[in-house]
Amino acid sequence: MTSDPFFRPVSGFDLPRFAGVPSFMRLPHVTPEDARFSEVQIGLVGVPWDSGTTNRPGPRHGPRQLRDASTMIRAEHGVTGVRPFEMVNCADLGDVGPNPADISESMDRITAFYERLRVAGITPLTAGGDHLTSLPVLRALAGDAPLGMVHFDSHTDLFHSYFGGTMYTHGTPFRRAVEEGLLDPARVVQIGIRGTAYDREDRDFADSVGIRVIPVEEFHARGVADVMEEARQIVGSAPTYLSYDIDFVDPAFAPGTGTPEVGGPNSFQALQVVRELAGVDIVGADLVEVSPPFDASGATAYLGVSIMFEMLCIMAPHLARG
Amino acid sequence: MTSDPFFRPVSGFDLPRFAGVPSFMRLPHVTPEDARFSEVQIGLVGVPWDSGTTNRPGPRHGPRQLRDASTMIRAEHGVTGVRPFEMVNCADLGDVGPNPADISESMDRITAFYERLRVAGITPLTAGGDHLTSLPVLRALAGDAPLGMVHFDSHTDLFHSYFGGTMYTHGTPFRRAVEEGLLDPARVVQIGIRGTAYDREDRDFADSVGIRVIPVEEFHARGVADVMEEARQIVGSAPTYLSYDIDFVDPAFAPGTGTPEVGGPNSFQALQVVRELAGVDIVGADLVEVSPPFDASGATAYLGVSIMFEMLCIMAPHLARG
Amino acid sequence: MTSDPFFRPVSGFDLPRFAGVPSFMRLPHVTPEDARFSEVQIGLVGVPWDSGTTNRPGPRHGPRQLRDASTMIRAEHGVTGVRPFEMVNCADLGDVGPNPADISESMDRITAFYERLRVAGITPLTAGGDHLTSLPVLRALAGDAPLGMVHFDSHTDLFHSYFGGTMYTHGTPFRRAVEEGLLDPARVVQIGIRGTAYDREDRDFADSVGIRVIPVEEFHARGVADVMEEARQIVGSAPTYLSYDIDFVDPAFAPGTGTPEVGGPNSFQALQVVRELAGVDIVGADLVEVSPPFDASGATAYLGVSIMFEMLCIMAPHLARG
Amino acid sequence: MTSDPFFRPVSGFDLPRFAGVPSFMRLPHVTPEDARFSEVQIGLVGVPWDSGTTNRPGPRHGPRQLRDASTMIRAEHGVTGVRPFEMVNCADLGDVGPNPADISESMDRITAFYERLRVAGITPLTAGGDHLTSLPVLRALAGDAPLGMVHFDSHTDLFHSYFGGTMYTHGTPFRRAVEEGLLDPARVVQIGIRGTAYDREDRDFADSVGIRVIPVEEFHARGVADVMEEARQIVGSAPTYLSYDIDFVDPAFAPGTGTPEVGGPNSFQALQVVRELAGVDIVGADLVEVSPPFDASGATAYLGVSIMFEMLCIMAPHLARG
Amino acid sequence: MTSDPFFRPVSGFDLPRFAGVPSFMRLPHVTPEDARFSEVQIGLVGVPWDSGTTNRPGPRHGPRQLRDASTMIRAEHGVTGVRPFEMVNCADLGDVGPNPADISESMDRITAFYERLRVAGITPLTAGGDHLTSLPVLRALAGDAPLGMVHFDSHTDLFHSYFGGTMYTHGTPFRRAVEEGLLDPARVVQIGIRGTAYDREDRDFADSVGIRVIPVEEFHARGVADVMEEARQIVGSAPTYLSYDIDFVDPAFAPGTGTPEVGGPNSFQALQVVRELAGVDIVGADLVEVSPPFDASGATAYLGVSIMFEMLCIMAPHLARG
Amino acid sequence: MTSDPFFRPVSGFDLPRFAGVPSFMRLPHVTPEDARFSEVQIGLVGVPWDSGTTNRPGPRHGPRQLRDASTMIRAEHGVTGVRPFEMVNCADLGDVGPNPADISESMDRITAFYERLRVAGITPLTAGGDHLTSLPVLRALAGDAPLGMVHFDSHTDLFHSYFGGTMYTHGTPFRRAVEEGLLDPARVVQIGIRGTAYDREDRDFADSVGIRVIPVEEFHARGVADVMEEARQIVGSAPTYLSYDIDFVDPAFAPGTGTPEVGGPNSFQALQVVRELAGVDIVGADLVEVSPPFDASGATAYLGVSIMFEMLCIMAPHLARG
């Protein structure tokens, strides 16, 4: 199965990579109102939203900076040789517009948009946004049954609440997702957890429901291959969500994020961990917490889109195989 | 009347200005729980909050950066010779802690804090925060009767709502304040308004209730002295609030703000306009919309605290005269 | 005459200004292949090109940064009340792709693109690119007769050649344009010229052909209104090109450019000078030399698009009056 | 043994981490004049001083930036589970004010302050300042007998003099400390040494007195665990000083320092090496050479306070065991 | 009288301005040991020194950044047409090497270097360094009789001492110079003074010895021409030193300095004030307090060298007239 | 064999490293016109040129920033103890001036300059410039026979052409060099190749002519020692060129480059790979693609000159052994 040529990026040999209106990976910009919307197989979506951020804001600017950096991405994976844009129809579906002053309304808007994708059979690859973004997306995608999840992060995002009872922040999405039955905790693995802690409340919850947490010390000691083999076994062959917080990566490689934690993986490992998920049934993926105001050089966004391309290079072959 | 020596800043001759825990203007940090709280006459308060921001976030980081820059301020006004810290008891009252994920709760917390100041007879000088900050402050200060207001800004902040009905954003605080009877529109003047506009809805409202709007073109044509004489006449001798959005100043002088508009006053005028308010009965003042993530050099914060010191130098003599 | 609703920007009240794929001023992206291309009246075009730059490079990145900043522009001019997008059909026509390693081929590509616009009756508003950009544009626009030109800049760009005989650089475009008969020197005025000089070769040429040069000292002494009245008289009512090098403005307001010269106009004057051209028959305009690598904060780009909006607000009413 | 609740940091769940006057790790600010001074067990002290800097200045601004970053630190160590603030009484003791124009007087002020701590039984954790800071601190702490020292750095700081005879610079403190009998060279280990060298004068001195120098090549070859086991053996169970120059870490992870040397450890190792010192009798520790003017993003300061927290997490249990 | 061609800058038409080892204004680098040293008439000298800085350090890096920016300067003054390098022999004499850890020795080194220039009949144009630099320079230049001085600054630098008795800082040089008989206070004028003040001790001293202080308020009210006419009258036709602290200029135009004060002149005025000194007998000049660590964009250095070129353009004609 | 003392750097103990006109490594600046030119053995040359850049420009500013950073380099290699400046005569030969608007002329100028070096028996160590720089250098150096090459890079730079037939860009130099017989493909090894790819055209060419490509995955798996042993075997004992694109290194360590690719070696490996070439007959070397506009902190330049010093430390002993 090959893609329709309409859904292919402009080449940097035809138009220099610094030129042109910057859509994700120079793909066509196709909105739900567009005639060809229904032909899209993988939809790249921006969620410019950071109302769940409890510390330093900025991810609302993430999708635009990621689009800009994404024009540096070329057609072929350097190691695997995968050419995802020739395998399935990919498109930039634009941004879901949040209401920056209303968390609840924003979550509803996001869920509604992703339900539309689900109905259309489009697999979403999301550029956040803070990590609360994953919750309304999961509400749309987990319609039939709880999903598994591979989660790269330095934080578990499993807290009960913040500030004396606030239930929806970027530190709580997966607690809510488990409570709402969107995730099957036995099929969830969190990798790279580190940094100072308020307390053990999140880890106790993980233990109580059976979520597997792999701290960064274990990650460094065991290595990518071993850890990711375990991750693949945890999620198995059932539908799985992939959620990647850029603060998984060490801040020397990804400074542009709101809650960095030192001592993380390097950029080579940042890509490897995704590549190791080839074959997993990814029904949706996100890359969140890129915060341009803290990323003057754009390096974080460039790493972010490099990770998104790795995701595409495992999602496209899987979809193409059907 | 002179201040108690306890309430005086550390001198840069005793301790270099880059040294020490940075409180506002190197004043003592006095919390409401502190025994000497009741002796404070002017309280410098931080409101690290930007949940009302519809565009680029960041003012939640304003108070800390303003405190840092404020250690550069010395004891005496260079032109008027006023030494405010020797006239009245000034103190850093710390920050009002918002809930970054709950606008309504945050507004309640702010109002409660300022009501406590009002009860204690403390005149507040606030470092925001985005401009929505002014609304909960006004709710506390306008307890007895509507206040007049001198408002420096490039925007009127008089819109009805945003995003299809959201009533509380940094574009709406003074619409709400008029509706709630906190401001007397006939005693409100807005100076420096400029930039592109969505529409005339805000200006039409101003006209309908009698708020005087002085666009920047008129400001540049008439000059500081003439404009400020009119401003003094508008607010008269009754209690008046002073609200200063740093985006009043041209972004070359104040880049660190979320919604800059080019073509504004320079830094000399930025100070002059405050100095011209000497004698006005200022019952509270704020400096808002300083956004450190967009102010890499800290220049905006330094201008901001220079403006706050100008405010002190008109507020302290007025209070000292009693 | 009013515009077709298709050609109107997305409102920031509907979709926050930080959201969405960034086209110029949030207008629809319409390529020459598009069915509605022929309906466009004013086309915003990017020319991401800096091969003519003799000093610090970077303007090839200008159009993208200008698009990003342009999403801050709203629908209505704050002073004149003009709503250009409702008067004529405006669109983002994308970028002309240069060959960064071949000046001659790039100029041909640019001229070909603008000839296509001319045939289609579209008035171009260009975002450069370095100042050599103006030459291939003028080759397309001056097909029938030499044009007049109002030129804001700190340099005349009238040199014969650089580096011992190189004829096409950003310091020579208007020398070539006069030689090629694209400009009528008697109807050309250059405003804001300043800085140190290699020699007087450019000024001698200006004198010899009758180009009026207004140095910045004269500009500051006479003021905007007086200078611009003279400018209007020089170009008269015949077709006129408007070329605006961002280094016309003082580098405190526009640091992001390759050859800054201190002592220039401020941002208020930067807008005023365009506004004073209302009524002139502008057949094309450009804003050039915005260099993002030297504009970390994006302030230059924001001033740049504010100037482009001023241009639109004189071009659209003129076209609408037809 | 548990700490008094007075000496505990404000939680980020109660007050967001960007709010409040920034003391070290949000601890109470307790000066020597304060009634509770004598209850402090571990005192965090700033020494904002860089007069010994021979190359790029800036560490005088270190303590303030470190305080700012330290508000990101939470209560519990993520790996060991240590909660230091609950084990011993910790406080921010403010800054020692240097005289930036008089090295000798500044050293005397510093020594006097630390002697006061020693008398009060307070173990100091210092935020420098350049590395000359360690000398006046050692003069106070080594009152009874020479100390051992674990020293992380890319330079030995063992030179005899600079600029033809200047004895007190940040390249000479430990030469002086050995000469003055403050350090027992047989119990000193220097780890991470690298970079180009003027000559071998410092290394020859180390060899002559028996200081163990572990160059970074050996560090990378042997690994953290092996090197640190040797370090623990060298210092043994006697009183030991811990001195950590942030330029020990590779400049990709810690750019904000005056004399960076490429090829250093990463941020994970930067933390590990401290953790491996659990059980050593640390009688004082410092983190020096953080230079904010060269650390635009604040990343170096955040790594710096993460290291200081690691120090706390080995010092507090040791003290608590008493 | 014309200069020897050896002493002329490389043209940007021969070698692009970004190329080549950066000497001041692309002049030949001539050291005192060089055979042609004695032919130099105006010597550009760097003093990379900031040991007198009481606040934010950095001017030790000034000369290098100024050299870099100076390669943008061309051969001819844009307004007056002066071509200084063709009038007198100009050269870059390199830097005076300070001892960054010894103020007294550094002052002696500087004085010794400038005495050598005085003996050789070379008029120095100095790039600092902090403002203490002027004192050792004046010690060399005022050998025969006290000098007059035109001093642009936001501070008087006339304080008695800092930090309880420190006599040599960048806040005291002109107090010392008056005390030592290097300056004739009746022929000293200080222009642009502003900002908050510790107290009036410096102003009282100025009054007591007859130094004329023109605050920035008076400067803005009277305008450049009027103020500078008074300045010329004050210094008269006798030998005069010109000292220019870059913080005279508003920080929007010159952010890279250690003690900025808002409300200053703009960049056009920054150049004009020097130009108005044409005809004064300048026996030496300096441009000080440019601090690269606070000038990320290099804009301050570029303004600084533009001011130095203005100085050259009044010094060279005066010398050439002999 | 030892060097002439004339050819030795100024010591930082004599003149602080921030002082003085910045030549490469503080060496004497010797031009071809200089009497001592013929005594130079290793010449450091800048090629400030980026006309071959297809993406983000800036390397034209590389040599100046590298000179600035190089003043941090001291006399002795920290690991090997080599003191290159005492072994052979080293000098800064200045920059080859390109014509930024004419690629062909610039290449001719570069080749002519390097032929002059070859005639004089000077081994060049070049600071680029973009990677097209290597081609005109090779044209001069490979006069007698094709050279071997060790090439560190993330890209092969072996493409046939760009933009539909443009033969000379920074993506094509080694394709041309092979075609022109300047390189012996059997003695060429490319190390570190990675990133997304347009297609396999470059890799197919490498395979067809026998160039050995070692992708970064293989590099990470095998380690430095093993890979470099193979590299030494490939080039053998015959004359070899060393070309080092700074984008070989991971962008966290070297952000200042135009076409970064994540997942590269760290800074320790960046130095090691050069050190492993001791004994190879290096007849010329370059360090290219350092782009200051994308390197705000200067960290890339500092790593770059550290690499250049490593090169010197293998070249000088080899030459000295002669």
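Observations
The first chain written gets the first letter, and so on, giving A, B, C, D, E and F; residue counts start at 1 in each chain.
Please note the rule applied: contacts are C-beta pairs under 8 Å (C-beta built on N, C-alpha and C of every residue); 3 or more make two chains touch, one makes a residue touch a chain.
Computed from a prediction, not measured in an experiment: that's the story for all the values here.
Simply put, of D-E and B-C, more C-beta pairs touch at B-C. Chain centres here are C-alpha means, and the one lying farthest from chain D is C. Look at the contact of chain D with chain F and you find different residues on each copy: under half of the numbers used there are shared. Chain centres here are C-alpha means, and the one lying farthest from chain E is A. Distance between chain centres (mean CA atoms), chain B to chain F: 56 Å.
Separating the CA-averaged centres of chain A and chain F is a span of 39 Å. In chain B, the residues touching two or more other chains are 14, 16, 18, 54, 56, 60-61, 100, 162-164, 252, 266, 294, 296. Two chains count as a pair here when they touch; such pairs are A-B, A-C, A-D, A-F, B-C, B-D, B-E, C-E, C-F, D-E, D-F, E-F. The residues of chain A lying in touch with chain D in their complex are 54-56, 162-164, 193-200, 215-217, 220, 250-252, 255, 259-260, 262-264, 266, 294, 296.
Residues 11-14, 16-18, 72-79, 81, 252-253, 266-268, 270-271, 296-297, 299, 302-303, 306, 309 of chain A are the ones touching chain F in the complex.
Taken together, the chain C residues at the contact with chain F in this complex read 50-54, 56-58, 60-61, 99-103, 162-164, 166, 168-169, 293-294, 296.
Chain F makes touch with chain E in their complex at residues 14-16, 18-23, 29, 46, 48, 60-61, 63-64, 67-68, 92, 94-95, 97-98, 100, 296.
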